[in-house]
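Could you have a look at this structure, given as structure tokens, before my questions?
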Amino acid sequence: MAQNFVLNVSDVNKSFGGLQALTNINLQIEEGKTHAVIGPNGAGKSTLLNTVIGRLAPDTGSVLFDGVNLTGKTAHQINQLGVARVFQTPEIFLDLTVLQNIEIAALAKRDGAFSFKPFRSMFSETKIQQEAVDMLDDMGLHHLRDHPAANLSRGDKRRLEIAMCLIQHPRLLLLDEPTAGMARHDTNRTIDLLQRIKARGMTKVIIEHDMHVVFSLADWISVLAQGAIIAEGTPEDIKGNPKVQEAYLGGTEV
Amino acid sequence: MDSLLLQLLNGLDKGAAYALIALGLTLVFGTLGVVNFAHGALFMLGAFVAVSVNKLLTISQKVRDESITAFEAYTEKPYLEIWLGDLGTEIIQWSVPISALVAIPVMLLIGLVMERGLIQYFYKRTHAEQILVTFGLAIVLGEIIKVFFGANPISQSAPPELSGAARLGAMLGLNENLVYPWWRLVYLLCSFLIVSSVFAFLKLTTYGMVVRAGMADREMVGLLGINIQRRFTVVFGIAAIVTGLAGCLYTPILPPDYHMGMNFLVLSFVVVVVGGMGSLGGAVCAGFLLGILQSFAAMSWVKDIVPGIDQIIIYLIAVVILLTRPRGLMGRKGVMEG
Amino acid sequence: MASITHFNPSTPKRDLAVMGIFALVVLTAPIWATPIGANYPDLLQRFAIFGIFAIGYNLLFGLTGYLSFGHAAFLGVGSYAAVWIFKLLTMNAILAVAFGMLVAAVFAVAIGYVALRRAGIYFAILTLAFAQMSYRLAYSVLTPITNGETGLTLDGNDPRVIDALFGGGGEGIPNPSLFGLELTGYAAFYFCAVVLILAFWVSLKIFRSPFGLKLLAIKSNQTRMRFTGYNTRPYVLTVFVISGMYAGLAGSLMAVTDPLAGAERMVWTASGEVVLMTILGGAGTLVGPMLGAVLIKYAENIFSAVNDSQLADLFGFLPEPVTDLMVGVASLFVGEGWHLTLGLLFMAIVIFLPGGMMEGLYRIGGAIRRRRAGGRAADNSAVTQPSE
Amino acid sequence: MTDNGNPTGWSRRRFLQTGAATTAGLGALSFSGTAPTGFVRNAWAQDFRNNPGNSDTVTLGFNVPQTGPYAEEGKDELRAYKLAVKHLNGEGDGGMLNTMQPTALKGNGILGKKVDYVTGDTQTKSDAARASAKRMIERDGVVMVTGGSSSGVAVSVQALCQDMGVIFMAGLTHANDTTGKDRRRYGFRHFFNAHMSAAALGPVLKEQMGTNRKSYMLVADYNWGWSVEESMKNVTEEMGWETVNALRTPLGTSDYSQYLTPVRDSGADVLFLIHYGGDMVNSLTQAVQFGLKDATVNGKPFEIVVPLYSRVMAQGAGEAVAGIYGSTNWHWSLQNEGSEAFVKSFGEEYGFPPSQAAHTCYVQTLLYANAVESAGTFYPPEVIKFLEGFEFTGMGNGDTLYRAADHQAFKPVLVVKGNDDPQSQFDLLEVVKEVPTEEIMYPADLYPGNLGPYEV
């Protein structure tokens, strides 16, 4: 059963001191699907994400990616297994150019966690450069490629970060509130972008509280409240679920 | 047992000096985020406040020794003694405590000038540039002192009532040989006073609380409409006073020369980092810890077991602590880790 | 499809030109150093040696941003290792240099492995602590190996096993040599110069390599680096060791040009000096550290040697009271006052040229280009200057 | 580097040596202006480094600490050097030029060439000192390097000068090694050393403190400190003293409390502070604060001894030096012809008396100049041969011998005591005894070393 899923989180419990942060979490993420995890602030979304990427060890239960246990693995090992991550505030190389940001990501895919070839020149990395340039084209960032990443707008930074993940062709893309802090215009462009990626069949997990984003993208939604999953289903199911309405959506109109 | 007690006293006394120096540095370095290589120079300047005050008080009438013709040799009688008699002598003898009082406004002024004139432009610059500019400043300050006071150490005496050694052993009914210099006890006491006043200022006054909040989150406090910049200037001034007093009061123990700042610079950084970045308490604790361990490491039997241990003890402790505790004794997360 | 051009203003052609100019400038040093009073072998050797030291330090600090305050320790052990080769085996410089680098590398692996468990200021203090321990022990209890205060020197009674095999030796203390060519005076300078050019070339290659780019990325954002799949620690350790080997190389060259190794080479101010050289010239730039090294060594050796009588000659054309005044003022900054000049120089450069001397050169270059292009380009002057 | 392959040079040098020997005492030797010697000098032009040749000036290199803790001492050395140059060139009152016996110097420079000089900063570091010396030799063409204020610097610069074939006249250096293990053919030391300090102090200490004493030593933890420790132990233990402990202290310690507190408990009644300069200032000041000077142990007054006194410490420690015994190479209050002449011209020039460092540097310069003048050439081997075994007087220390076997000068050593009641701001030390040369003499092979060749 587990082998059908890219990511399989089973019976995960995690507590800090006396506080139960996660209770019996089970998540199965299907190949090629976009799976959203939603929940109010303090529901345990970040804890869940950190457990998935191995930053926190669960008290019980396991996190299997492609059958490999992620617990205790370091960030770079998890990435090399095929999990890429987009952060709440874009984590990019602000001092490097846009193109160099992408190249770094492409090199990680090719060279692995460590390689030392000091006499190879970037000038002769034409394949990597072409790949990176194509990706920038694809993302509509090409006109910015020689600018320091620090000069980019929030939305462009986000797209650059997503581009850095995509060029690695990950098996699983984790997005932590990808539209947080964005203007409406940038949010819409980011949603468009994510929909395009979705069309390519990449597996994604989105942690999000913006319903607009979630309902535009997700194939499947898990609702987290007080450290436990209270509902699961398609966007339609969730919209109509009164438990969710109560715990999360409150009285607001969706 | 007595020797252990004495070494503990030595350690406390050494630690008091380290703690004072480190306290000033950690205010600037751990909280304002400025790598201040001119910190040792502040210590040196404080010491030279004592020298200057002494020189001013002992401006003298010179009586030539006529037996020497090749150059002017003379005996000096300070005008203060001529005018005020025994009171004048008394004042001169108390020049170090007097200079400590003078040092407070003088060091405050030096601190303010330094911060307003130079440091404030470097809050946003890279650490590398902060190092370069403050190191340059330290050299320049040292050289200026050298031009005026020469390169030799200049001895300063404690008041006669406080010099000489206290017969602690006899007082406490212990070994007769248990004696300890009065001035070192005074220094220990003063450092406790200074450290506690700084803590009281930062913890108990609202002004201090704002400063501490600003250390934790500068933007946040800025948003509250409080001029954090000005408060940081004050913090720098306080750091200068604390460090200057440490230097000023240390002069009877260590005759100051223009070079002394550099000798204390590395040490003060080690103490601050071992204490943990951004922690005032950590700096004080680390100062005492290093002082005490350094004293014990100098004991003959310790040196027989590990030759040369007293040469490296400070650094060895630093390595051990930094490897066992990632942020020193009480460091805050995220300060100077990038 | 977009064309492939690298953002970096450098191109293979440009790099070749940089390399060529660098080599030319280094090799012609005896010519251009003459008018500034620096043309004598010892100072030229020092320029080259400290240039290597700073270029190596820049690989660590300029690329990864890790501030090591203990690099002089590697320079020191490089010197000791080289002198021991001279004493025990042979006066051939190649073996001494190789061994010096090897020993420095071993030290760098050991110290780097431990110190790199921490970052930022904690890393800096750890490296400082290791270097200070090395210095203090070398000065005192390790005297049998280091000859303490006096420093390790050659001796007529040294075995020099390999040289003895080939019937070398003989009267007096021999000079280091390169397969029969005695390395003293200008010969030693050219030996150092060739090594410097090689060292610069390696540094250039590292700057332009994917490895170098990854190091820059580590400096920029270590978290992103990890989540992009890189194990960052071995990267930093590798470059730490490389830069330690540069220091060892510099240290062994010091022993080649002057067969002596003293503990004070490892003291913290010596570590501080290379940090200052690098920042002064421009950390992270290719040529900057070299410039910084030259400037500091020039100040140390030339300013300190100017005395009152020379100043009096210099200002002699003025009326006497003016001469006296000028000599009085100028003497504050030279001779015993040369530290003051150095301190003011540090402050001036960092205040007026954030980014170091290279920044100054860029600005001058920019100004010239703008003047050539006429007033039209003036509007674009605000464009940020890319760093190398 | 230097080429000694000129086959004709040797016989000419021989000729000159004989000439020099026969005329040295007369002090009237001058080849200048005569055709054959002009030819001789030209023939030597390639023979040795920095041959002044036909130039009408000759340059000396004064390498002193100008920065760092000994900057003040270096400054005083430089003053003395400038004064020496003045006197050599016939300016000023001539100073010890007038009292030196025998002398070939005439006050017209050296061999008729005007004396010029260059200066450099040793920073009291071997590397910096060698860099500075190399600049003088390679760029400025000096025929002689002199100066320094520590043994590490002296030993390393001396070795360099040997390699480069330039004579080194050491400044202030007190370790036995300088003319012991590390002696060099091209290096000469006028200053006294650790062995002589101990030998001179011994009888005085015995006289003042008796034969039944227990000593405690705090020793600077490096070569110089150890050599003084060894010498002092030998001398004091021979006269019946017991060494309770010799504790080594790190260089540059600012607070000695942890080393001082065990002294009182140890039962020792004499404390040797084997430190120099700033370290000595600190340890002595603090020892006095711990009440050691006023203490009574084993029924005897506690005593502190500092084997090597210097002006840095006498000034820096202030009142603490009162009553403290030590040794020194020279002191300005000495009442002899040479000293008085020197103090007079130095005092009139600068307004205060010279330090022992200034004295030794001044003397070294004159000795070199005289050796050249007497040898009739700047060719170093000839100058060295003249200095080796040279006996002279009138330079402030009485009869002095430059021993050929190790290039150490032997002369009376002063045992001094900190003045209890100074008459002026300079009256810090009081000379207790001038210990005659015989008592401090030791065989040259006591500290075996190899001088190396004359020609390099």
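Here the chain labels run A, B, C and D in written order, and each chain numbers its own residues starting at 1.
As a convention for this text, a contact is a pair of C-beta atoms (placed from the backbone, for glycine too) under 8 Å apart; a residue touches a chain by one contact, two chains touch by 3 or more.
Protein names from UniProt, one per chain: A = ABC transporter ATP-binding protein; B = Branched-chain amino acid ABC transporter permease; D = Branched-chain amino acid ABC transporter substrate-binding protein.
Computed from a prediction, not measured in an experiment: that's the story for all the values here.
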Practice task
Ignoring subunit C, split the rest of the assembly into groups that are still joined by touch.
Solution key: A | B, D
Handout entry: Distance between the centres, which are taken as Cα means, of subunit C and subunit A, whole angstrom
Key = 45
Handout entry: subunit B and subunit D, separation of their C-alpha mean positions in angstrom
Key = 37
Handout entry: Chain centre separation in whole Å, for subunit D relative to subunit A (CA means)
Key = 76
Handout entry: Centre-to-centre distance between subunit B and subunit A (centres being mean Cα positions), rounded to whole Å
Key = 52
Problem - Two or more partner chains touched - positions in subunit B - result: 308, 311
Handout entry: Overlap residues in subunit D, where contacts from two or more other chains coincide
Key = 71, 75, 221, 248, 250
Fill in the blank from the handout: Chain pairs that touch, by label, are A-C, B-C, B-D, C-D
Practice task
Could you please specify the touching residues of subunit B with respect to subunit C in the complex?
Solution key: 35, 121, 125, 127-129, 131-133, 135-140, 142-144, 147, 262, 266, 269-270, 273-274, 277, 307-308, 311-312, 315-316, 318-319, 322-323, 326-328, 336-338
Handout entry: In the complex with subunit C, residue positions of subunit D that touch it
Key = 1, 66-67, 71, 74-75, 117-121, 125-128, 130-132, 134-136, 138-139, 150-152, 155-156, 159-160, 163, 177, 182, 221-224, 248, 250-251, 450, 452-453, 456
Practice task
Could you pull out which subunit B residues touch subunit D in their complex?
Solution key: 2-3, 6-7, 9-11, 13-14, 17, 65, 68-76, 146, 150-158, 163-165, 175, 177, 179-181, 183-184, 252-255, 257, 259-260, 263-264, 294-300, 303, 308, 310-311
Exercise for the section: Using the touch rule from the top, collect the residues of subunit C that touch subunit A in their complex. Expected result: 1-2, 4, 6-8, 11-12, 202, 205-206, 208-214, 216-217, 219-221, 223-232, 234-235, 238, 242, 384
Handout entry: Of subunit C, residues touching subunit B in the complex
Key = 61, 65, 67, 114, 117-122, 125-126, 128-130, 132-133, 136-137, 139-141, 268-269, 272, 275-276, 279-280, 283, 332, 337, 339-340, 342-347, 349-351, 354
